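Input: structures, listed below.
Presented sequentially are two complexes of chain A, the first with chain B as partner and the second with chain C.
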Partner chain A sequence: MPEFYVYILALILVTGLLATSLNLVLGYGGIYQFHHAVFYGVGAYTLALAITRMGWPAWVGFAAGPVVAAAAGALIGVICVRLTRLYFGMLQLSLGSLLWTIVLRWRSVTGGDDGIHGILVPAALQRVEGAYYVILAVVGASLVALFIIVRSPFGATLQAVRDNPQRCQAVGIDVRVHQLVAIVIAAFFAGAAGALYVVLERSVFPNMLFWVLSLEIFVMCLLGGWFTFLGPLVGAGIIVALRTVASRYTENWTMILGTILILLIFFMPEGVMGHLQQWIAGRRRTREDAYV
Partner chain B sequence: MSEMLRVEGVSKAFDGFRAVRGANLTVARGSIVAVIGPNGAGKTTLLNLITGFLKADGGRIVFEGEEISRLAPHEICRRRIGRTFQLANIFPRLSVFANVQVSVLSHQGRSRDLLSTAARLAVRDTTAILESTGLAARARHLAGVLSHGDQRILEIAIALASEPRLLVLDEPTAGMSPEDTAATTTLIRHLARERGLAIILCEHDMDVVFSVAESVMVLHQGRTLVQGAPDVVRQNRDVQDAYLGTIDA
Partner chain C sequence: MVEFTALASQVLVGLSRAMILFIVSAGLSFVLGVLRVPNVFHGSLYMIGAFSAFSIATWLGGHPAGLWLALLGAPVVAVAVGLVVERALLSHLYQREHLMLILFTFGVMLVLNDLVKLVWGPDYRSLVAPPSLQGAASVLGISVPRYNLFLLFVGPLVAAGMWFVTAKTRIGRIARAAAVDRDMVGILGINVSRVFSAAFMIGCYLAGLGGALVAPTTSITLGMDHTIIIEAFLIVTVGGLGNIWGALVGSILFGVTQSVGLLVWPQFAIVFPYLATVIVLLLRPTGLLRSVW
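Let's look at the complex of A and B:
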């Protein structure tokens, strides 16, 4: 396969993991995590700084990326879970923007708006193919881990919290603790996606923590289907592919995306995978009715 | 019968409006106590104070010898006080089975388990509760599509999953057909008898109240007017004036 397509596939996997991590809190938890990209950026910058500023081995930096992102998730989460819904989202957006500003202004450490480029990763990862296989393995393992979490008692309880937090309190569930744990887990995997991005691109820049990227991930979840596990991955695939193909022909590719979103809201409000799931369920019911 | 819950001079105000003004209530172990009163008397506020959804401005709530006035709702539930709400309060996007299972898992302390598969856990306990409440046949249905009556029963099933010693029911028959009301009344009686539950029942339907309650507390403008046996309360002059109306001999 040409290297360019391998690169696009790797980018879809990285972005898909980022979107799936958001969906743990958004689709399964009903938490309005408006600024999820900040954890992606923290994971990426942690790896970049570990290699370029501290001289740590790449694997240590790679392990530190998700852990530091999870710590940032815990810090922001502790403050935000005191609020609900839109207020939660607005506070999260503000705190995330604060981190973005720090990264942008702290030029001596983060490189400011130039970011950090030419990050030296191990030789095996310097070719796109090598990076692709590592990304495939890590994203695969992360998706399996997230799937186990979604199907666990914790995941089931998280969905109950999404549906009715008041009822959850009345059956003995500490709603805030549950939401906080979900945010930390989601931040961890977003941090892993950020570190993988560094493996692929060997650079970081402040826009990785900017709210526009958070909005883009949000759209990926909606497009793919935020009540399905694979929906965000599909949404990421569509947007990355669309951006790659459409931007060859026009600079205004976001107009095409906007048109698709409008059609989606009217004809597939459950997203691509949600619609597919409903279609399969409908066919199964029809087949069962035929046997009655 | 020994005392299980004691509410002493509890009060609660909202923006200067005193919804509950020094209310008192006692609930004996295994008894059914009805809280009645006209609209706006403070019944639901009182139930919210008992279950921790509101914090009292004054007074004490003591359950099994422990003061619970300052505890959060989930902490009160863990002390084995279950509740239902005035409007059906379920998990509409989950199946009937999952609705009850979530509560069972919480009661078993497994709701933070990240590694097991939820579908395989607490199946027997969940099924037993669904069978005892007559919902087993609809276990796989989405809770949100159940009839109003079944949703109210499901709420009771969810509350039972935490094995409460005291069950607080806020207007359990509101909006129900006469058939559903009769079935729910039978279920309440059955639960109290078979499980030895104490029940606090807030209800407008006096037929339901006087057919199940062993003790009736009348709340009027946030104050306890009287608490006693149903016949005593029915004959009480203040209660007749304030709520039930005069009984012609």
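Let's look at the complex of A and C:
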């Protein structure tokens, strides 16, 4: 396969992991995580700084990325989790934006608006193929882990909390603890996606923590389908692939993305996978009807 | 030690910047309060206002009246764009949940972003204030740029106008009633859809006016929508969702912390308003003043 396609596939996997991690809190947890990209950025910057500023071995930095992101998730989560819905989202947005301004301005450490480029990753990862296999392995393992979490008793409780928090509280489930744990887990995997991005691109930049990226991940979840496990991955795949194709012909990619988003909200708010599920369910029903 | 006059002049400049933030976030807050729509493309209308002001002033070939006509004309362009989007698309979505409305208006923002690029090109633009507003004036021995004094005059004017519209006019009263209970307003036989449309136009007007007012003070560029909208959303939250006076308080907090920060620690000046926002929201998550939500 040509190197370019391998690169695109790797980018889809990284973005897909990021979107899937958001879906854990958003789709399964019903939490208004307005600024998920912050954890992606924290994971990426942790790896970048570990290599360029601290001189740590790359694998230590790679392990640190998700852990630091999870710590950031715990800190921001503890502060925000006492609020609900829009107020939760706005407080999280303000905390995330604060972090973004610090990254943007702390030039001596983060490189300011230029970011950090040409990060030296181990030789085996410098070829796209090497990076691809690492990304495939990590994303594969992460998706399996996330799937197990969603299907676990914890995942079931989380969905119950989403659907009826008052009732869960009444039967003795600690709603906030469940939400907080979900936020930390999601931040961990977003951090892993961020570190993988550095492996692939060897650069970081402050826009990874900007609110626009957070909404773009939302769009991926919406496009794929919030209430399905594979939806966000599918959504990320469609958007990354479309962007790659579109950027060859036009400079107006954001107009295309915006149009897709508007059409989606009007005609298919349940997303591709959600639509597919409904379609399959519909077919099954008609077939059963035929036998009756 | 920071000199007193320098501090005072910096506070005045911060207040004048706060006036632009207020005009923009008052529009956002009004739409949020009446229509319950968190309008992400409000920032795009601000950008369209700034670019339109540039075009109108350039079209007049640098005539001193250019800016004045731009201040009149640019908000009209923003209103026209907003009205088309509201009537054609947004008005069909009012019943959707907030997350969908955020995503929808984000989609419109993405489209408008590229439309602005197609119409005005990707280059930086700038606009010169008319001679009467150039240079600095001295107020009580404090030197302040004339244009900033002009902004300090316009801000309260807009605030008074908003107070008059919401408190004294029929449409304002209906809009406030609709903010509290839109079903009841509909039952009373009022065409809620038209009220929403009018309220939305007021919001768009304020976004365009903010853009036109900011045009002579900064470079007009693609991406100015991204920064203003996050600032406006945080200001509106700090002030209390839907509360226009809250937007004023939030804007002053945002503008003054940034300009004083510029004096204290220039490198991190932009961090201070965000820090102030976080501190306020930690203490009062629903904002300083009463939210209409």
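Just so we're on the same page, the second predicted complex is superposed on the first by the 292 of 292 C-alpha atoms of A that agree within 3 Å, B and C clash if a C-alpha of one lies under 4 Å from a C-alpha of the other, contacts with A are read in each partner's own complex, and residues count from 1 in each chain.
Note that a residue touches a chain if its C-beta (ideal position, glycine included) is under 8 Å from a C-beta of that chain, and two chains touch if they have at least 3 such contacts.
Computed from a predicted structure; not experimentally measured.
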item: Residue contacts with chain A in the superposition, chain B compared against chain C; value: C
item: A:A170 touches, of chain B and chain C: first, second, both or neither?; value: first
item: Contacts of A:N252 with chain B and chain C, given as first, second, both or neither; value: second
item: Touching partner for A:A160 - first (chain B), second (chain C), both, neither; value: first
item: A:A281 touches, of chain B and chain C: first, second, both or neither?; value: neither
item: Partner chain in contact with A:I148 - chain B first, chain C second, else both or neither; value: first
item: Which superposed partner A:I79 touches (first chain B, second chain C, both, neither); value: second
item: Residues of chain A that lie at the interface with chain B and also at the interface with chain C; value: none
item: Partner chain A, residues of chain B touching it in the complex; value: 51, 53, 72-74, 77-78, 82-83, 85, 89-94, 98-99, 101-103, 105-107, 110-119, 121, 158-159, 161-162
item: Chain C-facing residues of chain A, complex; value: 32, 79, 82-83, 85-87, 90-91, 93-95, 97-98, 101-102, 104-107, 210-212, 215, 218-219, 222, 251-252, 254-255, 257-262, 265-266, 269
item: List of chain A residues in touch with chain B within their complex; value: 148-149, 151-157, 159-160, 162-164, 166-175, 177-178, 181
item: Chain C - residues contacting chain A, complex; value: 38, 40, 89, 92-93, 96, 98-100, 102-104, 106-115, 117-118, 226, 230, 233-234, 237, 241, 267-268, 270-271, 274-275, 277-278, 281-282, 285-286, 293
